[in-house]
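Below you'll find the structures, each written out as structure tokens.
In the two complexes that follow, chain A is the common piece, with chain B as its partner first and chain C second.
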Partner chain A sequence: MAASIAPECNDIKEKYDTCFLKWYSEKYLRGNTTSNDCEELFTKYKTCLNVVLKEKGIDSMLEDARKSTTKEIDAETLRRG
Partner chain B sequence: MKFFENVFTYDYSFPAVSLAYFLRYPNPYSRHVLTTDVIDRYVDPETKRLHTIRLHLKKSKVPSGILKLLPKGIGGSDSSGQSYILETTTVDVNEGWMKTESRNMEWTGILSVVEKQFYQRQPLDGALDKPQGLSLDGKMSEQTTVKTTVTFHSRFGQGKLLGRRTADTTGDQVGEIEDEAPRRGFFTSLSTAGIQRTIELIGLNRTRDAIAKSKQGMNIVLERLRGGGIVGVLEGMRQDREAIVGGDGPWKRVWLRGNADDDEH
Partner chain C sequence: MKVFSSSCTFDYSWEEVSAANWRKYCPWNDKSTHVVAVDTLSRSVDSSTGILRTERLITCNQSVPQWVLSLFGGSATSHVYEVSYVDPVSKVVTMCSTNLTWSNVLSVRETVVYQPSPSDPHSTTQFNQEAKITALCGGWQKIKNKVEEASVERFSQNAKRGREGFEAVLEMSRRVFSEQRELDSNRL
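Up next, the complex of A and B:
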């Protein structure tokens, strides 16, 4: 499994990734789109990750990048509409 | 602005390809990808689409060709040699498509590279509607096409955005469409537009290689998936890792030779 940018989150990330892959292949891809089996693990993983993203200043960079992605999607939608 | 377009067909079902996409790192062709994290993931209750945002950390250097064009101090010698890539993915399992977008998060003023992919289920002629699920049993009952569009945009020296989009292409072909130079004073446009075009071209040339490698990586993951399911992919990753750590594995040798040789596998 791919490593996390935060080595201290690798364990919880691996648990979450494993859960997601199982859910995605056995449920979501088979049409069971409503269950969210991995929510609890994802919350733990995100809590761990967010500390490191903040420390490294990546959180603000992410914020900006996500804004520009949204802007572009909006522009595309407007053009099509 | 420059564009790169490519259409490619995988001989695997859409569920297998979309699973491989989330599972594609690490693979023997992704040594430059250092880490991958899931930033956000949810199923839209209305559309039932799965939305994922991931952050990849990749090894990369500003190409020396670009460095030469920049004033001293910009893009300098510093480089941690790493860059962050933001990847957003939307999967619609009912309609059988997946949309992805990857963009660099730094240096966007010098060169912004946005890669968009559209994966779509292509049932083979004559195939009846099958129940959904993973076709990992080796039967080529379904194909998945992927259209890749990469946009290169250098805003070096100016802030204006061009909004032109490229025309559709079909089949396995590559199209490059060059946008018109921005309308501005001749003397200033000459240098600025020239530098921008050169920066975009360097990016474009690098991308051809990168796209070929990413397809090879996907194919390895897909083969492992067909051979042994998710467990097979994870086992493959473990072996790849041992090959690197062990120092003498085949992938290490491949990597040392420049990561461009796939004879051994």
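Up next, the complex of A and C:
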């Protein structure tokens, strides 16, 4: 797996990514889309990551990008779907 | 605005490709070394469609032409925001990404789609990529064109390396998966 932008989050990220990939291959792709096996790990990983995103000022860049792009992307994808 | 597009076919099933895609930028991929970090920001499954939506932050570190740095300042580290959708019913992965860094001077919007190839849908997957690159800086058209050209050039180099690197990831994923299956069956 790729590293995290925050080295201190690498361990928990690795655990979460491994959990997610297993869930994706073994459950999600086989039709069990509602289970969420990795929620707890993801919460821990996000807690670690969010501190660093804030420190680096990336959180505000993301907020801007969400505002300007997500709406149109979502609309496009939903239309296609 | 300049448009870069490319397409290719991977000799792996859509399921394999869509799973390996999550670890496209792992150490098995020694071609896309400009990607230094991939972080997941959010993830949710739509309960009515089963579509998995993921937001990621991709961090790149690459040499930027000196004239670009002197024009716009900044560092060689850049960030990309990516939103992806997996539709497990119609078997489509759509990934849309946009640059966070230098977004006031350059807009790079990329869309990547993975879906089963019409000719052999069970064992091959089609990859389509399109990027729209627009220089936003005011001023001379000549400079804008130059910025766009340099960006398209860099984009296409990265795209080529990305494909090669992803092939390596697909191969390793298949190998590891079959070894795992063998281990599991020995255990039974």
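The rule is short, and it goes like this: the second predicted complex is superposed on the first by the 71 of 81 C-alpha atoms of A that agree within 3 Å, B and C clash if a C-alpha of one lies under 4 Å from a C-alpha of the other, contacts with A are read in each partner's own complex, and residues count from 1 in each chain.
Definition applied: a residue touches a chain if its C-beta (ideal position, glycine included) is under 8 Å from a C-beta of that chain, and two chains touch if they have at least 3 such contacts.
Treat the numbers as computed from the prediction; the structure is a model and nothing was measured.
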Exercise for review: Using the touch definition from the top, say if A:Ala3 reaches chain B (first), chain C (second), both or neither.
Suggested key: both
Practice item. Kindly list the residues of chain A that each of chain B and chain C touches, one partner per complex. Key: 1-6, 9, 13, 16-17, 20-21, 24-25, 28-29, 31, 33-34, 36, 42, 45, 49, 58, 61-62, 64-66, 69
Check your understanding: Hey, which residues of chain B end up touching chain A in the complex?
Key -> 15, 18-19, 22-23, 25-26, 33-39, 41, 43, 48, 50, 53, 55, 57, 84, 86, 88, 91, 93-94, 101, 103, 105-106, 132-134, 163, 230, 234, 237
Check your understanding: What residues of chain A sit close enough to touch chain C in their complex?
Key -> 1-6, 9, 13, 16-17, 20-21, 24-25, 28-29, 31, 33-34, 36, 42, 45-46, 49, 53, 58, 61-62, 64-66, 69-70, 73-74, 76-77, 80-81
Practice item. State the interface residues of chain C toward chain A in the complex, per the touch definition above. Key: 15, 18-19, 22-23, 25-26, 35-41, 43, 45, 47, 49-52, 57, 59, 79, 81, 83, 85-88, 90, 94, 96, 98, 100-101, 103, 109
Review point. Where on chain A does chain B make contact in their complex?
Key: 1-6, 9, 13, 16-17, 20-22, 24-25, 28-31, 33-34, 36, 42, 45, 49, 58, 61-62, 64-66, 68-69, 75
